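One structure is given here, and the rest of the page talks about it.
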Amino acid sequence: MATLGLIEYEDAGPEVRAVYDDIMATRKTDWINNFWKAIAHDPATLKRTWESIKQVMAPGALDPLTKELIYVAVSVTNGCNYCIASHTASARNKGMTDAMFLELQAVVGMANETNRLAAGYQVEVDERFKM
Amino acid sequence: MATLGLIEYEDAGPEVRAVYDDIMATRKTDWINNFWKAIAHDPATLKRTWESIKQVMAPGALDPLTKELIYVAVSVTNGCNYCIASHTASARNKGMTDAMFLELQAVVGMANETNRLAAGYQVEVDERFKM
Amino acid sequence: MATLGLIEYEDAGPEVRAVYDDIMATRKTDWINNFWKAIAHDPATLKRTWESIKQVMAPGALDPLTKELIYVAVSVTNGCNYCIASHTASARNKGMTDAMFLELQAVVGMANETNRLAAGYQVEVDERFKM
Amino acid sequence: MATLGLIEYEDAGPEVRAVYDDIMATRKTDWINNFWKAIAHDPATLKRTWESIKQVMAPGALDPLTKELIYVAVSVTNGCNYCIASHTASARNKGMTDAMFLELQAVVGMANETNRLAAGYQVEVDERFKM
Amino acid sequence: MATLGLIEYEDAGPEVRAVYDDIMATRKTDWINNFWKAIAHDPATLKRTWESIKQVMAPGALDPLTKELIYVAVSVTNGCNYCIASHTASARNKGMTDAMFLELQAVVGMANETNRLAAGYQVEVDERFKM
Amino acid sequence: MATLGLIEYEDAGPEVRAVYDDIMATRKTDWINNFWKAIAHDPATLKRTWESIKQVMAPGALDPLTKELIYVAVSVTNGCNYCIASHTASARNKGMTDAMFLELQAVVGMANETNRLAAGYQVEVDERFKM
């Protein structure tokens, strides 16, 4: 169970409720996942993290699905089970097909392999890459 | 310097040259970066790794630029300097603009932050995410 | 279940019991947590690890609570669920309040974010930091 | 060199200068380290990251030095050279003595060791830690 | 549960069955573990990964048990619970005794500790090691 | 440069010299590498770390070369440049051939790849592995 427990909507103060409301409105959903309920014990971190996520994940030069795939890639590389589960679900909501999921994992796998080969062989950065 | 040094094209045997040729043909370039020259001491690994990369990074359900962004995200999360340098360059060659680069880094940063918050607060996976 | 199982006090040999006794005496507690019971299959590692921990976590230039917070920060960054659970509990025993816990997590989250931004942007170390 | 180069104060727009000014005022210093100059290519990320850092690192339930030690611990665990260099310097500015530095490293080292032992032995979380 | 579920032998197409058959024949066993059943949703990745593993883990300059110990060491360092469980089992099948297991964990633990000490103290690589 | 600088033999106190002497005697060499000179600022950590390493790396159920290969595998997975350089050199001193080095890297690379695939596909541990 989460270290300090989860704060449900009905038990939340106005500051936390305002963030919950914004999460649900922004995501067009009617529930709040455990991550937010856990960090709600720290309303400042809840608000800051949500606003940062909202800003960073908004459509821009990269579309929201691409951003979500990147989020999954990081979560897999860090071995964060919660984040893998939640962001895989988010990616699907944003249109990730099974075929995309499979290719995503394959790229993540290969990147992790070659990252270690580059380190293990002590490969120096090419001059051309430094420009 | 790379642990076993780098194998230049002119010093390479036919098996290694064949891979180098395929890399250059596939990437429409006339040079080989240090990563391949370092692992060329093991022709089986060179061939296997290149063929895996070629397969995995080919256009499919995800386009090559998206795959390269994912590659950078993994490399940044692993702190692999060589891979960050080389795949950032590759991503640019495939069309990554500065604006895309900036959004990519912002997503990678936030994902790393929330990965740790989820772990640190010991958040349990929501039932809905398990389906 | 732990790979080799857990060694309970009543099943332990004198060498292991001596370490268990010292753990309980040092920590002023009457039980041994699973970590020690798992590694007790290797009495040399049990003894070496306990003595190292005892030395390192003792009050010194840093107080025991600060050291425990650092331990949690590392465990969260490594995503070690066992260690997050056990050292969060230890930190509380040593006086960590909820407010401290929340600030600790916030710092760990931000540090992980900026660590990746520094790597992703390939930032060079400032000359002033090299001195 | 940083991927997109560094933005010096004299070349910065008003939005970036405002952040630089606040960094220098808050830290009571007259220079900006490379991290901020690198991410200044993305003024939104610069502003968001700085304001988050300022909030998170401010005195609270934990004092600024303790927070800085935690920052170093995370950076070491992630192997982020830039961050190790910059936050070790920051910690010294905030009062970290050599003796504190040495104890910090010792704790970080032991935590990394026991994190892996817990994982390698597949130790289950004690029931008592779940409460 | 695995994101896309597991593909059992009886539900598998000929391409996947061929890999499953080769896994069982190579490993002289009559069952397939979940890892392969999970990635079988992507027959190309299944085949590529299995053939790479088969090639890499075959006896060569290093014997299969040594390779398996290395596999466990990496999995522990990455905190990959599935891989720790499966490769610890594989190592035992290949002859790892309890005594070997214990020494393996001790080395992994120490390596993780000194890796961080080297980073934390910002130790420069000795000239002699660069040759 | 190392954070606190390096302590040369001629500048070391008797406690540090005793460890340096033991390192050189045990390793049958006439020099001390930077790692030890850096942590020598903390004689207790120097002594504890060296004695732990000496105990852990001694011949036992695993031979010294196998242990050194495991050390390299961990160091590569952690991306610790200093440790990769120093332990690759140590492994060579203990008999690692180029062929062994190449196979080691290939195994490390594959293990890192499949670790992430297992996490990314959210594969559950097989019941058989839990026994």
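A, B, C, D, E and F label the chains in the order they appear, each numbered from 1.
To be clear about the criterion, a contact is a pair of C-beta atoms (placed from the backbone, for glycine too) under 8 Å apart; a residue touches a chain by one contact, two chains touch by 3 or more.
If you're wondering where the values come from, they're calculated on a predicted model, not measured in any experiment.
Chemist: Can you list every chain in contact with both chain A and chain E?
Modeler: For chain A paired with chain E, the chains in contact with each are B, C, D, F, in label order.
Chemist: Would you identify the chain whose Cα-based centre sits farthest away from the centre of chain C?
Modeler: If we average the C-alpha coordinates per chain, B ends up farthest from chain C.
Chemist: Mind checking chain D against chain F and telling me if their interface is mostly the same residue numbers on each side, over half, or mostly different?
Modeler: Mostly different residues.
Chemist: Can you check how far apart chain E and chain F are, centre to centre, with Cα atoms defining each centre and the answer in Å?
Modeler: Roughly 20 Å, centre to centre.
Chemist: Just curious, how far off is chain F from chain B if you go by their C-alpha centres, in Å?
Modeler: Spacing between the chain centres: roughly 27 Å.
Chemist: Rounded to a whole Å, what is the gap between the Cα centroids of chain B and chain C?
Modeler: Averaging C-alpha atoms per chain gives centres 34 Å apart.
Chemist: Any chance you could list the residues of chain F touching two or more other chains?
Modeler: 1, 3-4, 39, 44-45, 49, 52, 77-81, 85, 88, 102, 104-106, 108-110, 112-117, 119-122, 130
Chemist: Of all residues in chain B, which touch chain F in the complex?
Modeler: On the chain B side, the touching residues are 3-4, 39, 41-42, 44-45, 49, 78-80.
Chemist: If you look only at chain B, which of its residues touch chain C in the complex?
Modeler: Contacts found on chain B: 72, 76-77, 79, 81, 84-85, 88, 104-105, 108-110, 112-117, 119-122.
Chemist: Where on chain E is chain C touching in the complex?
Modeler: By the definition above, chain E touches chain C via 79, 88, 98, 101-102, 105-106, 109.
Chemist: Along chain C, where are the residues that touch chain F in the complex?
Modeler: 1, 44, 48, 52, 55, 130
Chemist: In the complex, go through chain F and note every residue touching chain E.
Modeler: 1-4, 31, 33-35, 38-39, 45, 49, 52-53, 56-57, 60-62, 66-67, 69-71, 73-75, 77-78, 80-83, 85-89, 97, 99-100, 102-104, 106-126, 128-130
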